[in-house]
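Per-chain numbering from 1; labels A, B, C and D assigned in written order.
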Amino acid sequence: MFGLWTGGKEAAVSQAAYYGLFALQHRGQQAAGIAVTDGETMDYHKGKGLLSDVFAQNTLPKGIGALAHVLYSGGKVRTANAQPFVVQYQYGTIAVASNGRLTNASKLREELAKDGAVFSTGVDAELMALLIAKANGRGLEGSIQYMAERLEGAYAAAIMTKDALIAVRDPYGLRPLAIGRTEDGCYVIASENCAFDAVGAVFERDVKPGEIVRIDNGGLHSVGVYPAKRSALCVFEFVYFARVDSAIDGLSVYEARFQAGKRLARVLPVEADLVCGVPDSALAAAIGYAEESKIHYGDGLAKNRYVGRTFIQPDQSQRVRSVHMKLNALQSNVKGKRVVLVDDSIVRGTTSANLVEMLRAAGAKEVHMRISSPIVRFGCPYGIDTYEQSQLIANKMSEEAFRKQIGADTLAFLGLEALREACGAANLDFCEGCFSGEYPTEL
Amino acid sequence: MFGLWTGGKEAAVSQAAYYGLFALQHRGQQAAGIAVTDGETMDYHKGKGLLSDVFAQNTLPKGIGALAHVLYSGGKVRTANAQPFVVQYQYGTIAVASNGRLTNASKLREELAKDGAVFSTGVDAELMALLIAKANGRGLEGSIQYMAERLEGAYAAAIMTKDALIAVRDPYGLRPLAIGRTEDGCYVIASENCAFDAVGAVFERDVKPGEIVRIDNGGLHSVGVYPAKRSALCVFEFVYFARVDSAIDGLSVYEARFQAGKRLARVLPVEADLVCGVPDSALAAAIGYAEESKIHYGDGLAKNRYVGRTFIQPDQSQRVRSVHMKLNALQSNVKGKRVVLVDDSIVRGTTSANLVEMLRAAGAKEVHMRISSPIVRFGCPYGIDTYEQSQLIANKMSEEAFRKQIGADTLAFLGLEALREACGAANLDFCEGCFSGEYPTEL
Amino acid sequence: MFGLWTGGKEAAVSQAAYYGLFALQHRGQQAAGIAVTDGETMDYHKGKGLLSDVFAQNTLPKGIGALAHVLYSGGKVRTANAQPFVVQYQYGTIAVASNGRLTNASKLREELAKDGAVFSTGVDAELMALLIAKANGRGLEGSIQYMAERLEGAYAAAIMTKDALIAVRDPYGLRPLAIGRTEDGCYVIASENCAFDAVGAVFERDVKPGEIVRIDNGGLHSVGVYPAKRSALCVFEFVYFARVDSAIDGLSVYEARFQAGKRLARVLPVEADLVCGVPDSALAAAIGYAEESKIHYGDGLAKNRYVGRTFIQPDQSQRVRSVHMKLNALQSNVKGKRVVLVDDSIVRGTTSANLVEMLRAAGAKEVHMRISSPIVRFGCPYGIDTYEQSQLIANKMSEEAFRKQIGADTLAFLGLEALREACGAANLDFCEGCFSGEYPTEL
Amino acid sequence: MFGLWTGGKEAAVSQAAYYGLFALQHRGQQAAGIAVTDGETMDYHKGKGLLSDVFAQNTLPKGIGALAHVLYSGGKVRTANAQPFVVQYQYGTIAVASNGRLTNASKLREELAKDGAVFSTGVDAELMALLIAKANGRGLEGSIQYMAERLEGAYAAAIMTKDALIAVRDPYGLRPLAIGRTEDGCYVIASENCAFDAVGAVFERDVKPGEIVRIDNGGLHSVGVYPAKRSALCVFEFVYFARVDSAIDGLSVYEARFQAGKRLARVLPVEADLVCGVPDSALAAAIGYAEESKIHYGDGLAKNRYVGRTFIQPDQSQRVRSVHMKLNALQSNVKGKRVVLVDDSIVRGTTSANLVEMLRAAGAKEVHMRISSPIVRFGCPYGIDTYEQSQLIANKMSEEAFRKQIGADTLAFLGLEALREACGAANLDFCEGCFSGEYPTEL
C-alpha cells in the first residue's frame, strides 16, 4: 500500500504512486490499483495481475492525492477485489485500501447485512467503507475512529477522500505502516519505507500501533493513538515477507536476518566448506552464518531472474523439474564440498527436499540444512498465507522426521528466543503466533 | 437482458445465455456479463466491450440458471458498471440486472446513503439490490415487491438467486420483457423475443406492466401484477431501438415500421424515381413507403458491415469522411434520379445532411427526405440517449429550418397520431415523451 | 487491396490507407497490413484478424505512399502470410500485395527453389517479389514486366518502392483493380471503387487486363498493356463477392444483381405473397425479382449485425442453432404467406435448408427458393474458396435432388446466359468457370 | 538457443524446449520462438517479448525435435526477426537459429541479392538459410559445411529439418554451445549448460570451435571440425553475459567471477568496513573480493525482483529516480561505513555514478568502486551491445576522469592479464576485443 498527498498543488501523483507501489510489488502480485483525487473528483483504475500489467496501457489524471494498493491473496482473484475500494457514501467519495486480515470480518458482515448491507467483494476494505458510512454524523475522523473501534485483527489501512488521506494501524501494530516526506513537502505513506526512495522521499516515522494520522492540505497531524496493551508486530515480516532494504518500527530487516544467521551458526555447529543461502530471502542470514562460523560464504544456488511470471504449467510428470526453472545448483562451487544451506523458513519442506537433492546431484558431499526461524507449526489469522490447514499433521512432525523428509545430513532451526533477539526484542514486542500458537488478539 | 432457468437439471446455461444475449447485442455495446448458478453457488464474469470480446477467453461453469446483460450507456464505462450486479446479502447471493432508467434514483440513493449505504457503481441494479437487502424479513418475493414499490421510472429487471429467477417490469411497461419456453421445459426471459430462436425457445407471453414473475424448479408463476392506470410502452422501441424480428406486447416491430412507411407516403407526396431507406433501421419503412407511393424501391446507400467496432478515430479535418466509412451512396442506382430517402428519426440532423450531400454527389437530381416519426424535441428520462440537453435549441427549429440545414429538396415527418396508428394504437398505449414532452410518470 | 501515392507531399497516408482498406474488409478477414514509405525508408505493420484489431494500438508514420491489404484465405493463417510482403532486394525495399491466385505457383516455386530461393510464406506476393528480384538489371518497370510474363492465373497486384507505386492486373483481368484520384492530386488504387469515397477520391478508370500502371511523383502513366486474347472478369464478383456500391470494369454490381433478380423472376414463375432475399448479398436480386413478378417485396429474414466476429463456438449438439445467431425469420411478416426466398448462390445447400426450415417454423405456408446464379458445380483455381473438392458429388446432384435436400416447395436457378446478360455481357467477357467448368487459362 | 531431439519417439518437445529456453531468457528478451517437427512436418510459433508472453496462450504440437531461440537485439524488433527462421527450400523445410553476429553479413547479402535473393528480416539466420539453399546438391551436411565456409564472425547456430538437428559453432568458438543428454536418450543443445537441468539432461560436451554436429534418430555424430588457428571464446560471457551456474568450454562462470574478485582485491587495496556487489552479476566477484581482502561481505544494494518488465517510463524530470526502481541502498548496512562497491564492468559510468550517490545518501562514509574487468574501450563486432560508437570519447577518458565522473573516493579496474587468469587462461584463449581493440577475425 502506498499513499501520497501533495499538500494542494497538482502533480503527477498517479505516476509517483506507481513508482512507490512498484517497490512494494513483493507484498502482493494478484491485483493492483491506484485511485487519484484532484481535490474535487476521484478517478481510479484497478485490475488483476502485476502492477506493470494493470497499468500497461492505462493512464490516470494528475491530482493532489493518490492511494495505491497491491493485493496479496491465496484464492481466486476477481477484479472487484482489487483495491483501493472506491465508493460513494453520503458525504462523497472515499477510497479505502488495507493490508492484513480482520479476525471479526464475518461477524461484522453479518451485523451489517442484518441492517441491509450488500457485499460485492470479500475484502476488508469494503467492510471498512461500510463502517465509515454507518458512522453517521461523526465527521470523517470520528467515523474512522468509530470504524477502528469495531475492527479486530490485523490492518494497516488508508482512506482517501477529496480532502484528505488518513492512515490507520491496528492497536497491536501487526502490519507495518510508515510515513515519509519529500523535499517539496509531499507526505507519503507506505507499507515499507523501501518505497520512499523511489519517489525521493525520506522516512519520517512509523504510524504507531492504534494511531490514526490525517494528512491534508494543512499538513500532517495525529488524530489519536489507541494502542493495545502491548504491541505485536508480525515477526514474519523480518523472517521473510519484507524487503531487506526496509526498516520496520525502527528495526532493519537486513540486520534482523543477518543476526538471525549469526545466531543460527551457534545452534548445531558443523564442519563444512561452504555456506550458501536460498536466494533471495535467505542470503542475509547465510552471510551472517558464514561470518559467525568462519566457513566460506558463496553461491550454491542460482536463481532465474525471470521466474515469477505465469508460465506454461508443467504437467504432473514434470513437476519435479519446475523447481529447476526457479533455482539451479552451482555445480562448480558445490562439487565435492560439505555445504551448509541456509533458508529463512520451512512450511511444507517439499522445496527444501528438492534443493537438497539438487545440491547432492551437483556433487555436494554433505548438505546441512539450517533454517533461520523455528518450524511454522500454526496458521496465521492475520493474513499471511504460509500455512495451510492441511499441513497440520506435517507440522506436528519432529525435527528428525523433517530432516529425513528433506534428506539433509543435519537439520537445525533457530529457536524462537534467538529469533526474537535477532529482530531486536529489546525494543519491540512481536506476534510469533505461526511459531508459538499464541496470538495477541482473541480469535 | 436474457435469463434462463432449466428447472433443476444441470446444463450449459452460460453458453445458452451467450447465444440469447448475442441476439440482443443491439440493446447495448458498452459492457456485458453473465452470472450462473448451479443451485448452490453463483459465479459470474463481466467486462467492458462487446459480448464476443468479454467472453473471448472466459468460460463459465454449467448450472441450472443464468442471467445475462448487455450495457447501454452514454458516458464513460467502468467494468464495475457491467451487470448483472452480483452481491451477497443476509440471505445469500443475488444477481440483479436491469434495463431502463429509474427517475427517483438519486432520491433513493440519498435515502439509502443516510442509512449508511455505500455505492460502488452508478447503475440502477445496485439500488435494486440494496432495496431488496433492506426489505428485511419479507422473503424473496416480498422483498422484490417492496423494492418495486419504491422504484419510479422505467425498468425491466431480473433477479437471480440460487433458487429462482424473478422478472419484474415497471407498472407502465415502459421497457419490454418477454417470456419463452424451450421444448425441454426451460423457461427463458428476454428483453425482446428475437432472442428466443437462438436457444430454441418459443414465445410464451410478455411480462405484464407491473408484474412480478417467479421461475424456479417448480415452474413459472406470477407473483402479482401491479399496473399503473395506463400502460406506456416506449414508442421508440418500434421507431428505432428494437430488432425488426421482435414483437413487443403483441405488436411486430417490422409491421410497425412498414406501416409507418406507408402512412409517411401520404404526408407530402412527391414525384420521384426511387425510394430508398437508411440502412438498417429505416429499410422496413422505406419498403412501406414504396409500396404505398408506387415508386420503385431500391438501395441508395450501402452499409459497411464491419462498422460498429472501435477503429482509428479520424482527426477533425477528416470528420466528414467518417460517415463514408459507415454508409456510401450507390452511384449507379441514384444517378440522375429523383430520390426519396427514408430515415426512422432525426435528432441532430448532421448525419442526414451528410447523406443528402452524399446522394447529390452521387448524381441524384433531387433528394426528398422523409422521416417515419415526428421530430425528437424532448429528452428521455427513461434511459434512451437519443437526445442531449444541448440540442434543445436545435429542436425548437421549424421543419423548414431543418430542411435547410439538411439540404433536402423537401422534408416531411410522420405525425404522432399516424405513428401511433402504425404501431397499433388500437391495442396499446405508448410513452411518446420524446416527441410530445408528455411523460406517463411524474418526474 | 488499397494503395495511395500523394505525389510527393508528406501526409497521413497510413490513416487514409486504413479508411480505404476498411471499405474493402469484405474481401478478406484473415489478416491485414499497411506499408508506408516517406520517400526514403519503408515501415509496415501486419497482423492476423480484422483491420480494426490489427491496428487497434499500432500507428504508422506519415509518408508519401502507402500500400494496404486484407487477406482472404481458407486455411490456417500465420502473421507471416499477412501482406504487403515487404523485402529488401538488391535495389532497395519493395512491398508487394496481391489478390487472386496464381495457377503456376508451385511450378514457379520449384524453379526458383532450384536456384536457391527460400520461401517463408505461402503467398503469391512472395513469389512476385522473388521474380522481380531475379529480373536483374531490367529496372523496376522492366522487372515487373518480366514478373508478369512468368505469372499464370489471377492477380491484381501492387508493388511499392520508395519512389513509386505500381499496379498490375493479369492479362484476363480476372480480379478487379481500379484507379481513383483525390481533389488534391493523390492517386489511389483499390480492388473496388467503393473504397474511393472513404478517402475523398473519385473513380478515374480501371486498370486494364494485362496493364502495368506506374504512379510516382511525376504522376500516373501506363507502362504497357499486355492483354490476353479475351478478357475474363470473374463473374462471381457480381454474384456475391464485391460490394453493391462498386462498379467493376464499368458495370455496377448492384445493377447486375438487380437485373439477375428480374431475370430470375421469369425462370419458374410462381404465385406468392412475399419476395424476400437472404441478407445482405441477395437483397438487390430480391428487389429485382419483386419488381418483375409484381409480388410484394419485404423482409423475411433479419440479420444480426454483430455476427462476423469470433464468438464461442457452439458445440455439435447446438450446431443447428448457430444459423439463428446470424439470421432469424421475421415471423410477423411470413406467417401464413407463400414466400419466395431469393439467394445469390448455392454451394452446399445446408444453409439454404436451414433457412427454409426457419421460414416454415415461422409459419410460411410455402417456401419457393430462387437462386440468382447457376449451381456452383466446379472449383475455382483463381482463389475464390466457395467450392471444396469434397462437394463434387453433391454438385453432380440434379436440381430436384437439391430441392429435396433444401426442403423448398420449388427451386429454380438463373441460367448462365441470363446471368451473363444481367452482368452486362454485351460489354464484358467473364470467367464463369465455377458454373461451367471452362476456364480462360490453361491449368 | 535451445534444441532437442528425442531420437524418434514422440514427446512434449515444445514444452521441454520452453523449459530449456526459460533458463536462457537472460540471453535475449526481445523476442522468442519455438519450432517443432514430428518427423514429417514442421510447426512453429514466434513473437515479440519475453518467452512467457509469447507462449502465454499458444501451444505447439508434440514431436520428435524442437529448436527454440530468444532474441537479443539493440534496435526496434519485429516479429519477423524472431527466430527460428523457418523456410521451405528445394529439399523441404528448415528452421535456423543463431546467436552471435556475422561480420561479413552485408557482403554476403549483397552477393546473394545480386543473384536474386530477397530478405524479409535482418537476422543472420536468414542469410544462413539462403546459403544452405544455394548449396545445391551437396546434401544437408555438405550444405551446412558450404554455409560455414562462407560465414565470418561469431555464430553458434542450429539447423533443424524433419530428420535432424545440426549444431554449428564458428571456427573461433566466439559464442558458446553445449551438448547434453537426458536419461532416456534425448540429445539437447544449449547456449549454456545451465539449461540442461531444466529438462533433466546432463552436460556431455561443448561443441568445438569450427565443429558441425549432427543429431538424428541414429544418435549424435560429429560431421567435422574446422577450427581457426586459435580459439577465441568471448571473455565477456564470463564477465557479465552468462549465468553463474553455467560452465563454458570447461570453465565455471561463477569461479571466473569469484577469482576476478579475488584478484581485484589486490589491485588498489583499501581499508574498508564492507564489501558489497552490484546485484546480480557482480555478487560473485564481491564475494571473492571480500574473501581476499578480509573485509566483511554484505549487501549494500537491494534489487527489485520485478524490474525487467516494461513499466511506465518516468519522464525526464524523474529519470534519476528510475535507478531507484531497480536498485536501492541498504541504509542500515552502509550507514557510517567505508564501503567497497564491486561491479563487473563499466561502459558509460552513469549507472555507477547513481549507485555511488545512492550509497552516500544512505550514509556511507566512503565509497570505493572496484570493477572486476578493464574499461570497455572498444566496440564488439560479434553481437554484444555493451558499447555504442557515441561512447568513444568517454572511453578515451583516463581512470581518474572516470573516478571523478562517478564520484567514488577511489576507483580501480582489474587488468586484462588478471582477468584472463581468473577466467582460466591456462586452458583457454579469449577474444578480449572490447578491452584491447584486438579482434581474432579480420573485420
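Methods note: a residue touches a chain if its C-beta (ideal position, glycine included) is under 8 Å from a C-beta of that chain, and two chains touch if they have at least 3 such contacts.
Predicted, not measured: the structure shown is a model, and the values here were computed from it.
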For chain C and chain D, chains touching each: none
Neighbouring chains shared between chain B and chain C, ordered by label: none
Furthest chain, CA centroid comparison against chain A: C
Averaged-CA centre spacing for the pair chain C and chain A, given as whole angstrom: 60
CA centroid of chain A to CA centroid of chain B, Å: 49
For chain A paired with chain D, centre-to-centre distance based on mean C-alpha positions, whole Å: 35
Where chain B touches two or more other chains, by residue: none
Set of all touching chain pairs, with the criterion as stated earlier: A-B, A-D, B-C, C-D
Partner chain A, residues of chain D touching it in the complex: 12, 15, 18-19, 22-23, 25-26, 50-52, 55-56, 194, 197-200, 243-245, 247, 252-255, 258, 280, 283-284, 287, 290-291, 296-299, 302, 304-306, 308-312, 314-315, 318, 321, 324-325, 328-333, 358
Interface residues, chain B side, partner chain A - complex: 79-80, 85-90, 109-110, 113-120, 129-130, 133-134, 136
